[in-house]
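Shared between the two complexes below is chain A, which has chain B as its partner in the first and chain C in the second.
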Partner chain A sequence: MEISNQVSEGLKVLGSPSKIDDDLFRSYLEAAVISLSSAEKMSEIKINSTAEVDGKVAYASLLVVMVEAARHDVDSTSLASILEEKRFDPPRLDKVLKLYSVVKHKLQAQLSGIGSFPPHVVDATWKLDYVIKSDNLEYKSGPQYLVNLLTEVPGGGEKKIQFACTMEEMQDLVGKLREAAKLMEKVANV
Partner chain B sequence: MIPRTICGNVDVQQNSSDMEEVDKIIIHSLRQVGCDIEDEIESLQQFTTELVVEATVRCLRVIQPGLTLPVSLPSSMSARFRIGAEIAQVCSDLGYGGDVGYQTFLYSSVTDIRKVLIFLIEKLPKESEKVVEVPSGKAALLQQSLSDLLRKQFNTPWIPNYCKNKGIRWFKDGSWSREGYLHCHQFYSCPLVVPPVTTKKLEITEKSKDYYKMHTPYITEQIKNSNELVPSLIQLNANSLTLEQLHSEKDSSVLMKPWLPSLEKTSKLMSSKDEPLEPYARSLVGLSGKKPIPRPRPPPKPKHLTEETPSPPKSTEEVPADKEKTHDEEEKDSEKSIENLKQKMEDMKISFEDLRNEVKTLKVKASQAMEELREEEKPCQEVEERLALWRRTQEILPRPGSDGLAGEGVERLKSMADGSARRLLSLASAWDEHRTALLSEYRHLREHDTNRTSEAQRQAELLRSLREKTREVMEEVREKEQIRKQLTTEREKVNKDVGRSAYTRRIMEIIGNIRKQNEDIDKVLKDTKEVQKEINQLTGRLDRSFTVADELIFRIQTEEAKSVASNLERITADLRQMRQESAALAARLERKS
Partner chain C sequence: MSGLPRTMQLFLTDSHKQHLELVSKQDISVFREVCQIALDFVRNGPNLKAIVALSQEIEVPPQSLRLAIEGLIKLLIESFKNKLSSEDFTGSLQALGFREEQQDLLTKLYTEEGKILNVVGGSVTPPHFHNLDWRFEVQVASRSLLHQLTPLITMKLSLKDGETAPKGKESDSDSGAKKPSLQDHILQIDPVGLLHITGILEQALAEGSSRHCRRVQHSLE
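== the complex of A and B ==
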């Protein structure tokens, strides 16, 4: 995990009680919890906006460190050593670590959603019809599966993929899926 | 009764031959595990207590690599019991179904030990598994974590999509897995403005300070869309890192500048095609992002163009206000005038160009002339200097025409030379005095300086080592703290149980009970022995009385046999008599009828 000097400077400010008093520090922590774990409530954050210049730097550094630590999956002891190098006040250090433990998994979940992804199958419905007659030429009468795959397109809502297939095709599909599942299990049981 | 016991014996014999095979297998695999078993030992019956403990502990160590049980038994009895109990605990933790306790290992019975060892040897990791466990690199760790994750996901049931929070399934332990991609978004960031850290070295103007203080919003307020927060934070760090790397050689004062990359720097850094990185322009204008990106201003036009161009449209606009008849004429006029003006303009342009060129050439000429002037002045100066010298020498030298003054002049020159020589000497001595004093002072100061610098270096080193030491000590403290926590939790666990004295008391009680029971058993044994003796006596007596009774019965039987024979004879005689009587009676009946 790499942190720029500017963030380091901000952390030094954040960790010294002489520069940022305890009330302000607590309000920063509260704001950080809200903004990092439930981003949609960000507008509810209220910090005294005419605070000293240092406060803004410190707050920014706190957020950056949290995000970077979660991004690199840093455990709390190494985060503690990083913060100790910035001469963090011990009770504040504990509080920041607590914040990290609260926020870490949520941040990582948030990070996992950044990027471009192919449509993702989330649900499937199917129906088995028995066709006696159809306008298709040379269609043998027999069972026919109607499958609906519900996919999620990132940022684009849900999309249905619909297809029909005969028994043999269905068996083929199921066989392929089983094969894939078996491979996955093989990886899981290494 | 007898046949069954025989059968049982046969079973035992067969079993024991099977068991020898089993024992051989067990001993073989124990040797593979690393037990030092001598060649003479071929069955478990020959195992000593030490060997049993060693074998089980070695097996357990292979099964659970982190185990800290000792291989050999200590001499003290309580420690032996403790180790036995620990081994039993580990065995039952591993899933051993049967009864295990310290007695299983310390006072071993062959069958129990055999069961335990068979269980343990089955639990031993096989060769193929061993190979998998050994490699420990990044790739192996990654694969391990992958398989863990997959296994976890396999073990969870499917739930419908609407039961998840934004496509993420949360587990109770705080971990999660992403199963829906509806709420995913691309890496869109917006530039954030963060004021620089105020330090003593930093010099920012009062105005910018006021701006940072009063108007810069907190970074969470600078973001328009909540999705942009995390990407923007990542980019903030990445940007400042790259800037620092770029400027690390050139100047270290970047630190003191605001966290805002200027346009040229960023354009050097990244190509303009990168969309998320592009809107630096916005950051320069408005932080809230409400203001649009400013378009570049049109380049300032040359003066004569801006002056001339507005006039033609004016004339066309003014035309409709006049009478219609004059319209055409005026149009023509205006066209003419426009053309004239255009012509003029062209002419002026050309003349302007000419004039500019002329100015250029004249400037060049002027500079050349200046240089020439300077060069010309140089010999002039030299000549002036020489002239001054000449004048002075002329003053000293006798003037032509007055010879008497020549000697005077020489005298004056001599005296002047002497005076100057004397003055030189006195000055030299004075200089020497000053010099020695200053030199000594200088040396002294230099020594002092070197001393101080060395002192400073030493202290700096000391400081560095101290800092290193504090870090080490901090780490140590952290480790110690952890150990302490662990120990306190352990102690709390232990505290719940009854103390040691209670245990010893109970053990003493048990021992007393056992002693009493032993005495009882002895008594019972004595009783049974006596009873046995009595039984023996009684059986002897029984034998003797049996023979007596036998003889008696025999005698009685012979006597009885004789009496029976005579009785029989009598009865048969009676029978014959009765038959004769009945025959007589039957004959009488026949005759009557």
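== the complex of A and C ==
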């Protein structure tokens, strides 16, 4: 994990009690917890407007380090050694590590959602009809399933895919899904 | 064939009967050709050239021949829809004034080619399940998350559109445009989701062969 000079400078400021007093440091940590936990709140958080430029750089560096560490999946010991290099004083170092452990998983969940993905299937509903007769010959008389697959695009909203299938086709579909599920379980147990 | 005249099971309009009269008047070789054109119509859409050629040969206006052929197809569809047995079908033909050899030919067509009517025929219906391909993959990295092990199942769900080519596109009918179109959906699902969906659909399948469903089916058949 590489850290740019600017961020590195910011961390040095953040880590020294002489430049940033304990109250300010605590307020940065609190702001960081909120803004890193949810993307929407990021812009709502305003750090103390009276903060010096140094303070703003320090806060920004804290956010960058958290995000980068989560992106690289750095463990807390490695993060500690990075911060020690920037001459963090030990009580602050512990607090930053604690912050990291709190936000890491949320951050990673958000990071994994960035990118382009095919729609994600989240749910399925079905109904079973018995077709007796129809005005056209599209439907053979007999049992007929109507399946709805609910899909979701990350950040894109839901969409429904609807299709019909006969008993045999349903067996085909379920057989294939079962096959996939079995393979997956096998892989998971290896 | 039973000797008794069967009761007509089909409801045909007078104009429909009139159209059919034109075919029933023809001798067997022309009649065979008419059947061929009708069958071709069902499979690939109308073939105006063949209709015009035949109408000149037998000296009737092409429009009348076309109506007659459409009437014949309508007759087959109606019979199939009402699930006429082949005996009933022959009986209906008899009542409509078809001669015996014509009846035989049409009944043969009805029993052998009737199935095709079952898959053609368009309407506004949801697409039909066709196939499902899947692969199991593990995402190991992305730009925003460098180290990860995200198991995923990517699926291709192929659905068959029940609709035939829209009407009015008769010009390109011979280019096989009537093939039911397949639409593919590329989908992803996580392991938990897959188990969930599989469970739901397994339950659906089990419900379909449950005692309750069988009883309902039994009483409807």
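Note that in this section the second predicted complex is superposed on the first by the 178 of 190 C-alpha atoms of A that agree within 3 Å, B and C clash if a C-alpha of one lies under 4 Å from a C-alpha of the other, contacts with A are read in each partner's own complex, and residues count from 1 in each chain.
Methods note: contacts are C-beta pairs under 8 Å (C-beta built on N, C-alpha and C of every residue); 3 or more make two chains touch, one makes a residue touch a chain.
Just so you know, these numbers come straight off a predicted model, no measurement behind them.
Enquirer: Tell me which partner A:Ala180 touches in the superposition: chain B (first), chain C (second), both or neither.
Expert: second
Enquirer: Who does A:Glu158 touch here: chain B (first), chain C (second), both, or neither?
Expert: The answer is first: A:Glu158 touches chain B but not chain C.
Enquirer: Please indicate which partner A:Leu149 is in contact with in the superposed arrangement: first for chain B, second for chain C, both, or neither.
Expert: The second partner, chain C, only.
Enquirer: Name the contact category of A:Gln6: first (chain B only), second (chain C only), both, or neither.
Expert: first
Enquirer: After superposition on the shared chain, which partner residues are touched by A:Asp123: those of chain B (first), chain C (second), both, or neither?
Expert: both
Enquirer: Please indicate which partner A:Ile114 is in contact with in the superposed arrangement: first for chain B, second for chain C, both, or neither.
Expert: Both chain B and chain C are touched by A:Ile114.
Enquirer: Does the superposition put A:Asp73 against chain B (first), chain C (second), both, or neither?
Expert: The answer is second: A:Asp73 touches chain C but not chain B.
Enquirer: Would you please give the residues of chain A that touch chain B in one complex and also touch chain C in the other complex?
Expert: 71, 108, 111-112, 114-115, 117, 119-120, 122-123, 184, 187-188
Enquirer: What residues on chain B touch chain A, complex-wise?
Expert: 132, 143-144, 146-147, 150-151, 154, 160-161, 166-168, 174-176, 178-187, 192, 194-199, 209, 212-214, 216-221, 223, 226-227, 229-231, 233-234, 236-237, 240-241, 244, 255, 259, 471, 474-475, 478
Enquirer: Okay, in this complex, where on chain C does chain A touch?
Expert: 77, 80-81, 117-123, 125-129, 132, 134, 136, 142-148, 150-151, 153-155, 157, 159, 162, 185-191, 193-198, 200-202, 204-205, 207-209, 213, 216-217, 220
Enquirer: Which bits of chain A are touching chain B when the two form their complex?
Expert: Against chain B, chain A makes touches at 2-7, 9-10, 12-13, 31, 35-36, 39-40, 42, 45, 47, 49-50, 52-54, 56-57, 59-60, 63-64, 67-68, 71, 77, 80-81, 84, 105, 107-117, 119-120, 122-123, 150, 152-155, 157-158, 184-185, 187-190.
Enquirer: Per the contact definition, I'd like the list of chain A residues that touch chain C in the complex.
Expert: 70-73, 108, 111-112, 114-115, 117-126, 128, 130, 132-133, 135-140, 142-143, 145-147, 149, 151, 161-165, 167, 169-174, 176-178, 180-181, 183-184, 187-188
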